[in-house]
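Below: one structure, written as structure tokens.
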Amino acid sequence: MNEILSLAGANLISPIILSFALGLAAALARSDLTIPEAVAKGMSIYLLFAIGFKGGVAVSAHGVDTTLILTIIAGLGLSFGLPLIAFALLKLMTGLSRIDAAAVAAHYGSISIVTFVAGTSVLEGRLIEAEGYMVAVAAAMEAPAILSALWLVARGGDGGKMEPGLIRELLLNGSIVLLVGAFFIGAVTGEKGLEEISSFIVAPFKGVLCLFLLDMGLIAGRGLRQSRGVLGLGAVSFAILMPLISATIGLTLGVLIGLSLGGTVLLMVLSASASYIAVPAAMRVALPEANPSIYLTLSLGVTFPFNLTLGIPLYLAIAQIVTGG
Amino acid sequence: METHTAKRVEIVIEAPLERRLTKALTEAGVTGYTILPVRGGSGRSGQWSRAGQVGQSGMVAVVCLIKPERLDGLLEAAFAVVEKHIGVVSITDAQVLRAERF
Amino acid sequence: METHTAKRVEIVIEAPLERRLTKALTEAGVTGYTILPVRGGSGRSGQWSRAGQVGQSGMVAVVCLIKPERLDGLLEAAFAVVEKHIGVVSITDAQVLRAERF
Amino acid sequence: METHTAKRVEIVIEAPLERRLTKALTEAGVTGYTILPVRGGSGRSGQWSRAGQVGQSGMVAVVCLIKPERLDGLLEAAFAVVEKHIGVVSITDAQVLRAERF
Amino acid sequence: MNEILSLAGANLISPIILSFALGLAAALARSDLTIPEAVAKGMSIYLLFAIGFKGGVAVSAHGVDTTLILTIIAGLGLSFGLPLIAFALLKLMTGLSRIDAAAVAAHYGSISIVTFVAGTSVLEGRLIEAEGYMVAVAAAMEAPAILSALWLVARGGDGGKMEPGLIRELLLNGSIVLLVGAFFIGAVTGEKGLEEISSFIVAPFKGVLCLFLLDMGLIAGRGLRQSRGVLGLGAVSFAILMPLISATIGLTLGVLIGLSLGGTVLLMVLSASASYIAVPAAMRVALPEANPSIYLTLSLGVTFPFNLTLGIPLYLAIAQIVTGG
Amino acid sequence: MNEILSLAGANLISPIILSFALGLAAALARSDLTIPEAVAKGMSIYLLFAIGFKGGVAVSAHGVDTTLILTIIAGLGLSFGLPLIAFALLKLMTGLSRIDAAAVAAHYGSISIVTFVAGTSVLEGRLIEAEGYMVAVAAAMEAPAILSALWLVARGGDGGKMEPGLIRELLLNGSIVLLVGAFFIGAVTGEKGLEEISSFIVAPFKGVLCLFLLDMGLIAGRGLRQSRGVLGLGAVSFAILMPLISATIGLTLGVLIGLSLGGTVLLMVLSASASYIAVPAAMRVALPEANPSIYLTLSLGVTFPFNLTLGIPLYLAIAQIVTGG
């Protein structure tokens, strides 16, 4: 326990986390600090491209494990399954309507790529290697959760109509295409390709992540300020309990599949993280009756900072104990 | 200069719905529209600003100039999309140059 | 489709005043508005373009749709903010769908 | 509040023509206008979006509020520029505060 | 021939080309992946500044060759002359109207700076040196082609009015000013200046180029999708034949002037490339009756990818054979 | 004197200054070269973050001097006091109205962070160290000048109403929050934090500064072009005389406090520089009757280029003579 806390402490004073905290504080204090939308989008394109590319290079270097397919299947399973658990939990712990609960559940089945990147950074900082294809697992986990949520709503007979073209849109979502595309480019060009562009995608990576997290902090803070009072204690507790449950399931699967320590931690992080980009946009189309400020506040205002500060070091510590790594 | 009567319809709608709206308009035979970015706003679902958003979110404003007789078709097409979503529709009387374009 | 009479008020004002304007509107009971970015313009204080600006400057356009009977309250609130500053206010007659929203 | 009759002219035109249009307006004695960015649109020359463009392309929307008696001069100036190019012109009746500004 | 193909093959699996292919594929599949306009413009400013600056530094290091003036004159001649050839060819091969043909011709006389940059990258990758002032030649070739096109139209009596101020506007076009300005800054501050900022303009250059080409791919793909059916086989053939002819003329001039192998290849690339920034904007003003989707699709949708993938390695191989380099 | 000129000469041919000159020239020649607003804002966020962070790291490394508090007090004093001098001078030298004079005065009491950064670059180029906390002094000097200006107006009875919430807004101004926040992050994470992100915030810094100054040049040039005729000779003389006076006061205080040579120069630069971001925005709210083109042209069109080209080397030379450094 002590070890976990000191790990968490060390994690907390990294420039990355402090940048997030700065953004959060600035927004809560109502500073007019803002990062232009285009710049924020540019940074997220950079991060997705870099992380995908590096994942592809790692795969090209180490070859395709037999565990690769198993892990992707596990990821798909998690993304389909976790919303069901989240939904049951929400019905138990909160008074949310069926539609709101389903919308929130979709977020927790899907993933947050920034949380994943932060997890990768922590592993790198401790020199723990992870399977390169975890990026592909991340991509695989983005969309299925949305289908589960729609099924949950449809089962209740409340509509949640499956818009024609929605599945296509989900799979061709910009961030999935970029992540997977960069992964393939990395896999094809390998170390040689990485060398050509590493002073762009490797060297400045952490610095860009700082500014990006500054922006996430600003957005999370503004969200929290505006939705004060929208959320009850039950919902907030859910947003902390759910990642713990998801991480535990992720841990179990990781160990069963035989992932390395790093890979297991990343599967935990993916399971525990909640989407705040792909899923909210899909929800506006597919479940317009759901209240955006509920799912955004839970995912971005509670779960995201929790994972970033306490969650990741916790998952790492637990995985170390369990795998003996 | 010679001008012609028209209607100016302004639809403020969530960005993820943009494609669906323009598709519905096109299917209703409306091929002319202009899409303006929106920086922020306030309505029944609260206040928001572009800076407080992640991803493809926020709203856009779609402006259509049409012949008055086509107004109803347009409104029905637009309403079908806007109905369950966040957004507003307004109509003003207008004059246009070059009527053959509308 | 059934439409309802409304007023469309468009206020072009300096960006640093945006918060004050929306606050004044909210206090006057106007909770619906849309803020559009402005790229440049010209008026009594000369010509400007977004590219020639540093920091949080330039103008924004705030569009409000309201019930006609609330127009005067809105104009007074807006005018108190705009008065000494650079900016223009215009009003057009409009029709809206879903009157319950305004 | 006291308001004054005016005309609101909205010209959607290709960005490379922006300078020529504002020059023509200025020469026609119109010194007040606001330029809004446009994100995309559709018309006789097809559908386009800002994201599918390289360089200084796409369209802008120029909004002018003027005294009704000056409308014709403005339209002629605008039309001379818009004529051969892609773009639309619309006019609505409006009211303005602070008439001395227009 | 074999050699050419293997060169082309090697070129094709670079991260730069694959990024372009990713963008193309994403757009054709109708993904919503987009790069914000401001970010794309920011990247092109970066690329122009970097390429101009490095060119200037090269000139300051190696001094001004006697061939410099000859090459610039050759560049001007190409830009003025190639549209005439293109116009004749278009009248022969397609049914385009006089105005459309002239507008297309203007694009093929002018240049694409990104194609030039890609050519530079390929040369660097093979350690082939080129004259630093080729950047200045690129700048010189941007505008004259437009005048030729207007002359072609005027000769036909169809108008194509020479707007007052247009020439001034062409010469003060943002990309020319930035390219030439950065060239002068590089020439004045030399190696010392480069050292100060090389970790900004040299190290991350290729990486930025990847993201920029991703965007070009997206734009080209969207253009192709929207203009399906607009172009006949004749026009498409022109868009592949014309660069080959231009490159041959560029080769001849390069050899006559006595440019190095690298310089000759770049002159071929400049000749073969077609503008899709400066010229389209000028055409909207000067030849508004011409159909933008014709010239944009040919230049950006056909010739640009052709040059990027097959053209550049081909020109290099031919130049190597001809110069014996 | 000779030495000063040669120093100034050396300074003038740096890529940084030449980029500014390029922007200025392009704007005066009415080129359509522009840097998108979002990109410019992104660069200024980068610069503020980097400069704040590095300042914080420096403080964490060297510890807090006893002079730190004195220097911050001096900064506050300068920011409160310089507007009074500027106001008196303006009343003497120009025919500006009370309100316009007060608005201009506010700008000269506050600071320009880009001038500060340029000063830092010049010091680094000459390997002169400066106190890391000068960044905190810069932040402290941003806002007080505005209060002095409002007091000057209020004293004249012309209104200049102290809007409720204005002070809060001034202190929570985006650039102050970012600068101070990054300073704290740097101070907390220290050298270890810097190492993690130095290839983002140190290596490319000067290059980004070049592009940023290119934009400042464009903006200053456009401002000068549009305000031709607005300013009399008196006002322009003020914009050159005032920084000299301010620098002299800054020098005196720096020497009295016992700052290092570098620290003294930076205090002179802060004193001499005039705001063109925070103060103009505040003036639009608090003194809307003041004419923006007067204060912007003086600050950005005259004083900023003067400091950048002649001022900084001059202040350095004088400080070297006075301190014997």
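Here are a few things to note about the model shown:
So that you can tell them apart, the chains are marked A, B, C, D, E and F in the order they are listed, and the count of residues begins at 1 in each.
The definition used in the following text is that contacts are C-beta pairs under 8 Å (C-beta built on N, C-alpha and C of every residue); 3 or more make two chains touch, one makes a residue touch a chain.
Keep in mind it's a predicted model, so treat the numbers as computed, not measured.
When the partners of chain B are compared with those of chain D, the chains appearing in both lists are C. The interface with the greater number of C-beta contacts, when A-B is set against C-D, is C-D. Between chain B and chain C, the centres computed from C-alpha atoms are 18 Å apart.
Centre-to-centre, using mean CA coordinates, chain C is 34 Å away from chain F. Residues of chain D in contact with two or more other chains: 36-37, 47, 49, 56, 92-93. Multi-chain contact residues of chain E, defined as those touching 2 or more other chains: 32, 34-39, 42, 174, 199, 203-204.
Taken as a contact graph, with one node per protein chain and an edge wherever two chains touch, the assembly fits none of the named shapes, being neither a line, a ring, a star nor a complete graph. Chains touching one another form the pairs A-B, A-E, A-F, B-C, B-D, C-D, C-F, D-E, E-F.
By the touch criterion given at the top, residues 14, 16-17, 20, 45-57, 84-86 of chain C touch chain F in their complex.
Here chain A touches chain B in the complex through residues 34-37, 40, 163, 174, 216, 218-219, 222-223, 226, 276-278, 280-282, 284-285, 288-289, 291-293, 300, going by the rule given at the top. Of all residues in chain D, only 1, 3, 6, 8, 22, 26, 31-37, 60, 65, 92-98, 101 touch chain C in the complex they form.
Looking at the complex, you find that chain A touches chain F at residues 13-15, 18-19, 22, 25-26, 29-39, 42, 199, 203-208, 210-211, 214. Across the interface of their complex, chain D is touched by residues 10, 12, 36-44, 47, 49, 59, 61, 72, 75-76, 79, 82, 88-93 of chain C.
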